[in-house]
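Just so it is clear, A, B, C, D and E label the chains in written order, and each chain counts residues from 1 on its own.
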Amino acid sequence: EPLKIGMITTLSGGGAGLGIDTRDGFMLAIKNAGNKDITVVTEDDAQKPELAVQIADKMIQSDKVDILTGIVWSNLLMAVAPSAVAQGKFYVSTNAAPAALAGANCNKLYFNAAYQNDNLHEAMGEYANKGYKKMFILAPNYPAGKDSLTGFKRYYKGQLAAEVYTQVGQTDYAAEIAQMRASGADGIFVFLPGGMGIAFMKQFAQSGVKIPVMGPGFSFSQDVLPAIGDAAVGAKASGQWAPDFDNAASKKFLADFQKEYNRLPSIYAVQAYDAAQLIVAAASKASVKNADAFGAELKKADIQSPRGKFKFNTNQHPIQDIYLTEVVKQNGVITNKTVEKIFADHGDAYAKDCKI
Amino acid sequence: MVEPVLQISNLVKNFGALRATDGVTLDLRPGEIHALIGPNGAGKSTLIHQICGTLRQDSGTVRFAGQDIGSLGVAQRARLGLGRTFQVSSIAPDFSGLRNVMLAVQAKQGSSFRFFKPVMRDRSLIDTAMAMLERVGLTARARIPAAELSHGERRQLEIAMALALGSKAFLLDEPMAGMGPEGSKSLTHFLDTLRHEAPILLVEHDMDAVFALADRISVLVYGRVIATGTVEEIRRDPTVRTAYLGDHA
Amino acid sequence: MLLDVTKIEAFYGASQALFGVDLSVAEGEAVALMGRNGMGKTTTIRAICNLNPPRSGAVKIGGTDTKGRRPHHVAKLGIGLVPEGRRCFPNLTVHENLVAAARPGPWTLERVNELFPRLEERHAQMARSLSGGEQQMLAIGRALMTNPRLLILDEATEGLAPVIRQDIWKAIRRLKAEGLSILVVDKTLSELLPVADRCVILENGRSAWSGRPADLTTELQDRYLGV
Amino acid sequence: MREIMIVTRENLINLILAALLLAVPFAANALGQPFYVTLATRIAILALAATGLNLALGLGGLVSFGHAAFFGIGGYVAGILAAHAFSGDPLLFGLSGTKQMWVIWIVAVILSGLVGLAIGAISLRTSGVYFIMITLAFAQMVYYFAISWPAYGGEDGLSLLVRNQFPGVMTMIPLNFFLICYVILLLALGLFALIRASRFGTALQAARQNEVRVATVGIQPYRIRLTGFAISAAITGLAGALFADLNRFVSPSMLSWHMSGELIVLIILGGTGRLFGPLAGAALYVIFEFALGGLTERWQFFLGLILLVVVLFARGGLLGLLAGKAKHG
Amino acid sequence: MTLALALEQLLNGLQLGVMLFLMAAGLTLIFGVMGLINLAHGSLYMVGAFACATVAAWTGSFWIGLIASLAAAAAAGAVVELVVIRRLYDRDHLDQVLATFALILMFSEGTRWLFGSFPLYLDIPPLLQGAVALPGGTEYPVYRLAIILAGAIVAFGLYLLISRTRLGMRIRAGESDREMIGALGVDIRTLYTVVFALGAALAGLAGAMVGALQSVQVGMGEPVLILAFVVIVIGGIGSIKGALLGALLVGVTDTMGRFLLPKILALFVAPAQAGMIGGAAASMLIYIVMAVILAVKPRGLFPAAHA
């Protein structure tokens, strides 16, 4: 039975790297599945919410897709997902996971194959409990940034040296680094996605300040690591996956991805790969036209994830292990190495409010 | 003596270290043409600017129609009836001559906050404006974009606008400039009739026109009025001859 | 011939302004270009400088055809232009206006300052805030600083005080006496005619009359110039 | 209105544009392609927003680089009122939210008009490029405020879930909502035409061409411009409210400088100061964006190329190309 | 909060200011002096950064990369001027806005076409790595001091070029009356191509220098563009001095705002709240400052004698 998936992701402009990894990871799984009934239409949202909405309308109204997926950014997701599910379409998120859709406003048709936004930050909070007495925490001043620090604080029991919110898109961090130096903190947690993180890490390395830096996994993911370079080495991060994972699914994924695209995949690729696997698995058991049955199949999460154990919580967000990784330089390549498991079978704080 | 329409006393304007007008005292009486002459850079245009409000005086007073207007804005002064032309013509270039004059008419009627009635069907505007254009002899060119008018025609257009404002005094900054002999002649004739409508303060370097028209002449040199008098008095004044007129006396 | 203009036609967009103008200026000669308002004097000058390139006909400067040359090339052939409306650079000081486009030759800053002492007084002032007459002097000085072979003056005395006007005419006579070739447009015939070696009158974009000033009868003046 | 009634080439083109915009959605609907109705709605709304800006920019020469502020304010009015109506929480002074479009429109028009008045009052002290930048500064303030203000979603924006209501119309049906927008667009264009031909419009246009001249006939350019700016802001604000309903979503990206820039681009593309310039520009832009986006991932490159060709070779925008130079009476 | 920290922050503010000036320098030349609104300035900045990163990666030398950034940006600038900008000088500002907006789209997407979507690596040269101790005991990154120096040299050089050389006079003359300067025998077309290329080269230099400290990625030029315009407008268009002082003012205001506002607010509300509100206020701060300055001085702090 035919199944049509609409992928809306960022393929142009500054954030295109993430979207391209998303698309490539997703298409890898679709290709591996070899299911001729599944078709995917992909369009570029240019990281603009309005454009994402327009594309979603087109995919729903003209292309008649059954499932939407692919959006990288929370704000675009918030523009598309609620109205898509209101129109009876499935949405399977490959990355963005705002708290707003995880709790009371969860929806039977909305699945998140990545995590819940807070997860990685919570893990770092938990990790910081071991050995860090006074943390300096910093994030951009927007909802994801606030969720981040909230998540960190939810688990961190020590003292806070300072809690700083920077401007979205800020590129110079001299003032914040000076404060870090002066604050007497013994550890620093930053959540600065994309270019902000690159700038911060480079400038931090130059500053001569020698306080350990940690952050959520995507701050040190494969899309930004090469650009940060040696300045990132030694940084600790939390993640549900790293290239050195020692399981068959991860090895196969890594090999396939490198063969297909000739580069190392980032976490976005893994998440999208799993999202595609989930859809493929469900499609083989149920018709997407029967939303209840298809949703139930999706929820079974009958896949081999590169992340290892993977299942869905009541709010249809993942329950998964979260690891501590460290940025290392191996054979001249800067990458993440797994150090230890921080959380086993970790869900999220909002699931209890979800009444599905 | 009749009450002057415009009375300027001790007007001073400094540009940095330069004193462009230096205590100018001057009046304009009903029905007269008062010519203001003086070397280039003497401060004539600066004085006109201060009377109209495009420049604010540093000290001194400007009284017009019986009230002190020294602190009013350009638009307020214009509404009181100060009509002026510029040394370099100043018009709305995209509009036709007619619509330029209509702008003045609507300003005179005090009604620019009307949003719905199309001006081009407003006879009260068009007819008045056409009448003004006719007086300056621009009827045939009324509907041509002002940008395409010749130099001389633009000067005429400016005068039509000042007329449309129903001005109680005209301040004309070198209206003859750039006009050929023919144009100067007809403009001289026109100004001669215009004085009956309202008095004119005329800044001009064309001495033939000044001598033909002026009831009184004031001579401004380095920001000061060095002489005021009738045409004959001024022509004979030796200081004026050296400062300004040269052999042209 | 220093300047040789033959049968040029010029347009503003679609409307034709010149319908065949002939004009020449010999080395050391002063030629007056005359005509009523709007007859095409300024347009002819713009065509000579290639600011408004003629569609047909030819302009030769010192034997070189200006066709297809950009205005700065034409200027370098030896044209010094004092344009209608002065067009000083308002955001430059007097001094900068003079030296910005200067080329080496007998005319130097000192000589220009001597010719127009007022400019020296105002040397650091922005040209925008000069009085009209001061700007006119500046425009002449600026053209002289390029050391032209042919000085073109378009209404150079417009808006000037009679004394200054006399100064400028004096300057023009002096320049002529020094052997500079001059093409001059002006309204004051009483000053213009004594200076000119030859007159060319334009009517409706055509050369209508040409000859010595002495031959310019009052009847001709009345017919072509409306005096 | 006489100017509009006369059959000129421009009026003919305008008529065709208006008719096309109306016909396409009906055709699309009949052919079972409702998405094209949505696309046409988007064109109509963007054209409305740009018509607002056109009043300030085209007539008044006020190049506002901050009209996104009004667009976004209109959007947030719709979003916030609807959110309160949904949640039942009172808004201000015990007033509750609403899902009635016409109430939202009135609030959007008044609020963005008032904000326009305030921003204009300060910005109009400057001119030229300074004006461009000060309007940008105000818009950026609103933008950063919206991003970091958590109550209504911050950067993530605010979802309306379902469209607001209009008495007697099923607004969720694309064609119905399109017709609402279309009628409002036509009304706004009518208003624009009236204003342009009116005494106020004359003064506004004259102030663009020659400020000193306007003052010397006794009209204060500042007041004229401020009024024009506020009306312009109000129209753009109304468009913002409709845009929120189209997307059922508002976010700070409606307030970003890109949005301001896009509105300017629409106007220039169509023909600055032209009655139908905004519509022509919006149609061209949206169609290009959509068609190219479907063709290639590099669509932004080609969109840029097309814009460049238009600005270099079609002076006066699309309408300038088709209808010749504008006339000003 | 210690005095040393406050002083360090002040230095950071000044440093940010100089960096902003470096980013705005090319724009000052093109926009302030030639009177052309060039929205694509940020794209030239990006071109410089990408050229530097690419060449540095090939050759292993930042310095060769830096030269490459100058060359590439100047070449891009010259081409853009010859093909596009040249036709826009006597159009109104709006056409320039549209055309250069179109150029942004083309540059961004073109760069992605050539270099891919991921940020590039560009590091500070070994010579300028690390930090030095300042009097007072704090450490300060050498590279930031180098930026201050570079900014100062550019500012001084530009000032000399514009106000002291004949080239500068001709550029300014051309801005007010292109036809006239041509009629006086100056080849203004070629001159403008050169100036535009020079402005582009400055943008490229800034892109390379700042890129090494931030991130080299598509879209990096956009925030710079807005900030650079803010800086120039605050200072007064066309004035190099104004641009420099405007940049310093913005730099200090921004840094001190980020640093102090949360602290001040923390006296009144909970720290987390203070952080958020303070952060929000800090991001608006430079725009507030700009609006206030323009409201009081409608032509910037140092209105150049311009029309």
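Note that in this section a residue touches a chain if its C-beta (ideal position, glycine included) is under 8 Å from a C-beta of that chain, and two chains touch if they have at least 3 such contacts.
Chain-to-protein mapping (UniProt): B = Branched-chain amino acid ABC transporter, ATP-binding protein; C = Amino acid/amide ABC transporter ATP-binding protein 2, HAAT family; E = Inner-membrane translocator.
Since we're looking at a predicted model, the values are computed, not measured.
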Smallest number of contact steps required from chain C to reach chain D: 2
Co-neighbours of chain E and chain C - touch as defined: none
Farthest chain relative to chain C (centres taken as mean CA coordinates): A
Chain centre separation (chain B, chain C; CA means) in Å: 30
Mean-CA-position distance for chain B and chain A (Å): 73
Gap in Å, rounded to a whole number, between the CA centres of chain E and chain A: 34
Separation of mean Cα positions, chain D and chain B [Å, integer]: 43
Overlap residues in chain C, where contacts from two or more other chains coincide: none
Multi-partner residues of chain A (at least 2 other chains): 11-13, 141, 146, 165, 167-168
Touching pairs among all chains present in the structure: A-D, A-E, B-C, B-D, C-E, D-E
Chain A contact footprint on chain D (complex, rising order): 33-36, 38-39, 42, 144, 147-148, 150, 153-157, 159, 161-162, 174, 243, 247-249, 251-254, 258, 289-290, 293-294, 297-300
Interface residues, chain C side, partner chain E - complex: 49, 51, 70-72, 75-76, 79-81, 83, 87, 89-92, 96-97, 99-101, 103, 126, 128, 142-143, 146
Touching residues on chain B, where the partner in the complex is chain C: 15, 37-42, 45, 87-88, 150-152, 174, 177-183, 205, 207, 242-248
Chain D contact footprint on chain B (complex, rising order): 52, 54, 73-79, 84, 86, 90-96, 98-100, 102-104, 106-108, 111-122, 125, 145, 161, 164-165
Touch list for chain D against partner chain E, complex: 57, 63, 122-123, 125-127, 129-130, 132-134, 136-138, 140-141, 144-145, 147-150, 257, 261, 264-265, 268-269, 272, 298-301, 303-308, 310-312, 315
